[in-house]
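Take a look at this one; I'll ask things after.
Naming follows writing order (A, B and C), and every chain is counted from residue 1.
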Amino acid sequence: MAHSGISVLFEGTNFARLMGGLWTSVWIALVSLAIGLLLGTLFGLLRTLRSRLIRFVLLLYLEFFRIVPTVVLLFLVYYILPRQFNINMPATWMAVLAFSLWVAAEFSDIVRGALESVPKHQRESGQALGLNQWQLFRYVLLPQAIQLELPATINLATRVIKTTSLLLMISVMDVINVGQQIIEANNQTHPTGIFWVYGLIFILYFIVDYPLSLWAKHLTAKQKD
Amino acid sequence: MDWTIIQQSLPNFVQGFKLTLWLSLVGIVGSIIVGIITSLVQYFRVPVLKQILNVYVEVARNTPLLIQLFFLYYAFPVMGIKMTAETCGIIGLIFLGGAYMAEGFTGGFNGVSQNQLDAGEALGMNQFQLARYVVLPQGLSLSVPALAANIIFLIKETSIFSVIAIPELTNTALDLIGMYYRSNEYLFVLVVAYAIILIPVILLLDWLERRVRYGAFGN
Amino acid sequence: MAEEILKVEHLNKFYGDWQALHDINFDLQKGEVVTLLGPSGSGKSTLIRTLNGLEPFKDGNIYFKGEKVEPTPKEWQKLRQQIGMVFQSYDLFPNLTVLDNILLAPTKVQKRDREEVKKEAMALLERVDLADQANSYPRQLSGGQKQRIAIVRALAMHPELMLFDEVTASLDPEMVRGVLEIIKELADRDHMTMIIVTHEMNFAAQIADRVLFLEDGKLLEDTPGKQFFEHPQTARAAEFLSSMEF
């Protein structure tokens, strides 16, 4: 690599542009997580209720997301909303929509699992103290469930962040899309630039995701004691 | 929804379907092999190798498959390493999947209770016998839920191969949409195709999980 | 003079700064049955686990059949083939049938002939009234049955010393007798050398040739069985016995 391509990263506004792209990715991940976790908590709660209809509908919802790859989800939103329902919104928001629904599905399963794994005698001893349904949920089940589900939730967040790499497929100006533009613009002068740009993006994703993974692992290890 | 359009596209989808199945199968088998080896190295704390594989697992798990594929397919040729798209896809999938599987197996091995290890030791087993007769059989059945989740995950991840133009299911659909501009029909077939693959897989894995649950937890 | 199976000298055991066992000394002759008594947290389990190498120790010596034990994993692994141990939680291997649980260590660790061990295992199962469960899985058995199998599993190794760590503590009351009877029979009929940690005082009084009384990791008494229950030497032991109200 006589003509080192690393300079591509720092030419002009390239680095700032990459960071801007990264921010778009992170922003979409954060907003989707916020919406998805709220919605997922609601769905998870509903799934512990007795109503068969509600449980069945939510199960169908969950299974749909279990079967359809996220790339395909993005395309479903991207093509079907504007053409079928005449809803036009920026691709960024379409991505948020698809991701939120996906996160809600996954998280509802985590919430339900956590609520159901709170030991039965905990529920019973709460009832024995005269707590009503809501108090039982608020003071006994929820605090224990949150502790149980935190590692799985963090892992879900790392997956959402990684999945933002698919955004370029629906033309969102995410970090990879920006990277591709930079590579193309410099292809003539710096053919090895591609190596450095993708390398940097690779490292950026790692820097964002790794601390979260570590945190989840740490929490899981602590729970085992 | 125009059924004749769907009908005409079916031969293309069948091709993509086969390729998705094939790539998934190779990817899953490869990932399981890499995962078992990795977690065994970690379990036995093989010096040096263990540290290297720890780094591998963290890097593979914390970076997106798409970037891993771009690297293999677009950046490696600049270094003089050229591979076909499918080779890149399989390598990428096994790189990613091996790390996920390793985590799953390690979780299973660590899940074998201290009481069981004590019982084995009290019977005079050495480290190897303990691993072979206590940790491995019990740990593997404990890791089945993680294994199942990973298998489903990896099948779905093959959809990302479309970015390096491997003509699997998703790529087939995108190509057709690009050519004929009929998104409803093609996306419908695409979703159905994934359902045809994944529903039996999910049912089979659920059955497997139920089968092994007792073996692992009933004392 | 009887053959000495076990001798413990100046055994100290620490967890970090905390001392779990203080200068333990005792010996054990062939055919002797010793019960290890004391309040919870007194170090009984720690001591019995140390005798099988499941808990490492730094200070002191253990002699097995007159030979000093080098506390290395390899040495313990060899000794454990002669020292059987049964735990409170049975710990049968859930993935194996009853018979395979029993055969595993004799065939794989001791490399004995499978057919021969199998015959012996069936005879042992017969003896504990569980021959009909040879092909069951542990999950299909009651706690008492599992514990009887765990005893058979240890016996199939031909141990010279058996260690019982609160083996009836997690059993339903109606299951306890069956397990204790087997241990009693091992003493009376086979003259098995045994160390037993238990909270069943009637049983201890019946079976113990000697009682080791432990409190706060200190060995307060090493007294012949009958004498311990009738005239304990220390006030602490007397207090303990009256608190057990048996």
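In the analysis below, contacts are C-beta pairs under 8 Å (C-beta built on N, C-alpha and C of every residue); 3 or more make two chains touch, one makes a residue touch a chain.
Given the structure is predicted, the values throughout are model-derived calculations rather than measurements.
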Chains in simultaneous contact with subunit B and subunit C
none
Of all the chains shown, whose C-alpha centre falls nearest the centre of every protein C-alpha atom combined?
B
Tell me, please, which chain's centre (mean of its C-alpha atoms) is farthest from the centre of subunit A?
C
So the centre of each chain is just the mean of its C-alpha atoms; given that, what is the distance between subunit B and subunit C in Å?
46
Roughly how many whole angstrom separate the Cα centroids of subunit A and subunit C?
53
What whole-Å value do you get for the distance between subunit A and subunit B if each is reduced to the mean of its CA atoms?
19
Do you know which subunit C residues sit against two or more other chains?
none
Any idea which subunit A residues touch subunit B in the complex?
66-72, 75-76, 79-80, 83-84, 158, 162-166, 169, 176, 191-192, 194-195, 198-199, 201-202, 205-206, 209-210, 213
Going by the contact rule set out above, which residues of subunit B touch subunit C in the complex?
115-116, 118-127, 129, 133-134, 137-138, 141, 214-219
The subunit B residues in contact with subunit A across the complex are 58-59, 61-68, 70-71, 74-75, 78-79, 152, 156-157, 159-160, 162-163, 170, 173-174, 177, 183-184, 187, 190-191, 194-195, 198-199, 202
Applying the document's contact rule, which stretches of subunit C touch subunit B when the two form their complex?
49, 52-54, 73-74, 76-81, 83-85, 87, 89-95, 104-105, 108-110, 137-139, 146, 150, 153-154, 157
